[in-house]
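So that you can tell them apart, the chains are marked A, B and C in the order they are listed, and the count of residues begins at 1 in each.
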Amino acid sequence: MLRVEGLSHNFGGIEALVGLDLVIAERDVVGLIGPNGSGKTTLLNMITGIYKPAAGRIRFRDREISGLEPHEIVTLGISRTFQNLRIYNRMTVSDNVWVAQHSLPGVGLGELLLARADNERRDRAEVERLLELVGLIERRDSLAQDLTLPDQRRLELARALVRSPDLLLLDEPAGGMTPVETGTMAALIRDVALPGRACVIIEHKMDMISALCGRICVLNFGRKIAEGRPDDVLRHPRVLEAYLGMEGMSHA
Amino acid sequence: MIDFIQNCIDGVMIGSGYALLAIGFTIVFGVLRRLNLAYGPSIMLGAFVGTLLYVQFQAQILTVAIATVIGAVVVGMYVERLCFWAIRRGAAIASMVSSFAIWMQLEEVAAIILPERTYPFPALTEMAPLEIGPFFLRSEPLVMFVVAVALMAVVHTVLYRTRFGLAVRAVSENPSAARFMGIHIDAVMFWAFALVSAIGGVAGFLILATDQQVTPYFGLWVTFKGLIAMMLGGMGSLPGAILGGLVLGVVETQSLWYLGADYRDLSAYFLLFLILIVRPGGIMGQALPEQERAADRRV
Amino acid sequence: MDDYVVSVLSNIGMISFLALSAYLLLLTGEISFGQQAFFAIGAYLSAIATAMWGWPLWSALLLAAAAAAAAATVIGILTLRLRGLYFSIATLAFAEMVRLLFVIFHYQVVIDGEPVGPDGAEGFRDIRWVFENNVSAAEYMVIIYVVLFIVVALFFRLERSRLGSIFRMLGEDTLLAEMQGLNVIRFKVLASGIAGFIAGIGGAFYAHFTTYLEPQIFNVMLGVHGLLYGLIGGLGTALGPLIGVGLDIGFLEAIRAIQGYRMIVFGGLVAVLLIFMPRGILDEERVHWIRMTWRRWRNAAR
């Protein structure tokens, strides 16, 4: 479904990605790990069109997407969360999810101004359903900035699920969470996010990655240094070497 | 052709003053990442102190100059404390808005203190114009040019050869990193602001002494010239500020000569608008829209 | 109601259009120093239509606002792809260009033996539609407020609609909005066009109120005032900018003691207020709190 071929990108003199190849099939759950600065987030940024590749291609369902703008790529069925958590702080929880529905095809200018009552109801019901799913229904009227960090990450997850994406890209969904919170988040992702779609998860928490992912891909300095089943990869000598002495690896 | 070159000469001389103003905006922008819109009015108030001394006490030109600079610095301190220091680091818009509000305030203070339409300012020099071949170099702009260049050299020295300058540049590059290296950010910002106000005071003095008068429109005028020059050259770039100032001076002089007074300012704004649309990085900047957008996005 | 009060209230009404215009762009995260240019276009064009072409006020108003909207859309297309600060300065440059263009703009027709029309820096006199049609000052004020009321009501409608929340999304987090499939520039241009329309209406009213226009009126200070009103009143609701206008032109004007020092006080007030309320008096959080409190009170009353 997603095919990355020979992808390279650099920032000034720094090579962020070098000749990366990656294939993700429908319903694959792939973990993406590597020390800080190895290019994981850059890869997501390139898939979602924030950066245009210096070399290489990205194909989604046999369609070249490397030249597209972010707002075009998203409509193709790719959705993501962010490492630094991006939500609309000054909007309510339910509005955060509601606004994510805006870009669904078929929403013209007339629709935007004069929401028809039955469409409104349908949309709001969908918002409620998603909030229920991630366990935030009680906090639906709170301002997003007033939520705890784990709740904010759930909100981001709910928002990413609005379009029922076929490919979900999660960038450190458990970032900043305690071990207990991480476990809860992992369970949530497994139950709510994974079924019926492909997923790429960037994380530093190996237990979580191993539990959720069928396959792990390891990056270091922009290059793929290993790929395979979690057990194999996590014992791979080059992977251990990459992580030796780095804080990236934590068995949380 | 002679006219054209003469205009270039005149333009460069006047442009040196603009360049100083642009340098002031650039340093504040570099260190604070915000525009200080109260810059012009603070310089104007400094100039009003100068003119007051000149009119009331028949002060010497040097005294007027010093008074202008001190006045500009004092008002600059007021602006810095109120608009930039007091407002939390994250609220960038609030700072800029605050500086507009203070801009308005200072304009009104100026109008109240000195309600006449114009006040005299001492002449920079009494020398006759220099003649080099077919070209005239009027003495006041020439003196302004020489002093401006000297000041630019001083600023360059401060920024590149002193510890203070190093701190300023460090904070401009990366405030968080600078803080971790033990640089006292607030102090750096305060003193950078003081430096900038002083530069502005000198620039204001030079320009006014060339015109020999100051009007209540001076504050706004300074803000515009400094901003245009800075943007022409490329926001955030010191060599750009200088280049922008000189280019602005030349463009103004040429359009004044060939198109008339009505078109002089219009050309300056038109040029600015054009540059922003076509090449926002300015003359010195790179035209890399993607890099700019990407850099914006700390994802 | 005495003339002075009517005059002040009319002023508040007209400037409110300018403030709302800047506010709309602020919602999308853009600071425009140039809304006074569209105010000017609205003023001049509507005045030309009534004083020189004999049009009635209503059609002149619509024409002027539409022209302002068109200009705003074009400028928006050119400038909105620029990063924040660059955009702001571009709007500044544009507005000054417009003002200076009016300085060299001469267009006059002879009516009843007298030349009528904009005459560059000399100004544009005798915009007399209001007098020729026997509209009293008080009636004119009512007209202004009726239209203002309609515009504010539309803003309220906008807030609840998808388009309104799209605008807010753009202001909150542009990247996120883009990642959610929104064509950011298209929507910002739309906001710019609407903002231009609103400013144009205000300008048209202004021209017929003062009966005299000159380019100097439409300077940067006017635009900055418009911006300040929204930023002070708060960006959480369309009432925010109105509060800002009321605070400056209404409240401060009313305090005779500070006659002639109004800008000093207002400027200082703004600066101090921004230290404690960086997003204005009625910012999004406060508005949210008000909404929640209102809802709780309403539910308790049942």
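Note that a contact is a pair of C-beta atoms (placed from the backbone, for glycine too) under 8 Å apart; a residue touches a chain by one contact, two chains touch by 3 or more.
Here the structure is a predicted model, which means the values were calculated and not measured.
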| item | value |
| --- | --- |
| Chain pair, A-C or B-C, that carries the greater number of C-beta contacts | B-C |
| Most widely separated chain from chain A, with each centre as the mean of CA atoms | B |
| Distance from the mean Cα position of chain B to that of chain A, given in whole angstrom | 47 |
| Whole-Å gap separating chain A and chain C, where each centre is the average of the chain's CA atoms | 41 |
| Interchain centroid distance [CA atoms averaged], chain B/chain C, Å | 30 |
| Multi-partner residues of chain B (each touching 2 or more other chains) | 297, 299 |
| Residues of chain C whose C-beta touches two or more other chains | 175 |
| Touching two or more other chains - residues of chain A | 50, 82 |
| Sites on chain A touched by chain C in the complex | 48, 50, 69-72, 74-75, 80, 82, 86-92, 95, 98-100, 102-104, 107, 109, 111-115, 141, 143, 159, 163 |
| Complex interface listing, chain B residues touching chain C | 35, 82-83, 86-88, 91, 93-94, 96-98, 100-109, 112, 220, 224, 227-228, 231, 235, 262-263, 265-266, 269-270, 272-273, 276-277, 280, 289, 292-293, 296-297, 299 |
| Residue ranges of chain C in contact with chain B within the complex | 31, 78-79, 81-83, 85-86, 89-90, 92-94, 96-97, 100-101, 103-104, 175, 219-221, 224-225, 227-228, 231, 260-264, 266-272, 274-275, 278-279 |
| Residue ranges of chain C touching chain A (in the complex, touch as defined) | 157-158, 161-163, 165-166, 168-169, 172-173, 175-176, 178-184, 283-285, 288, 292 |
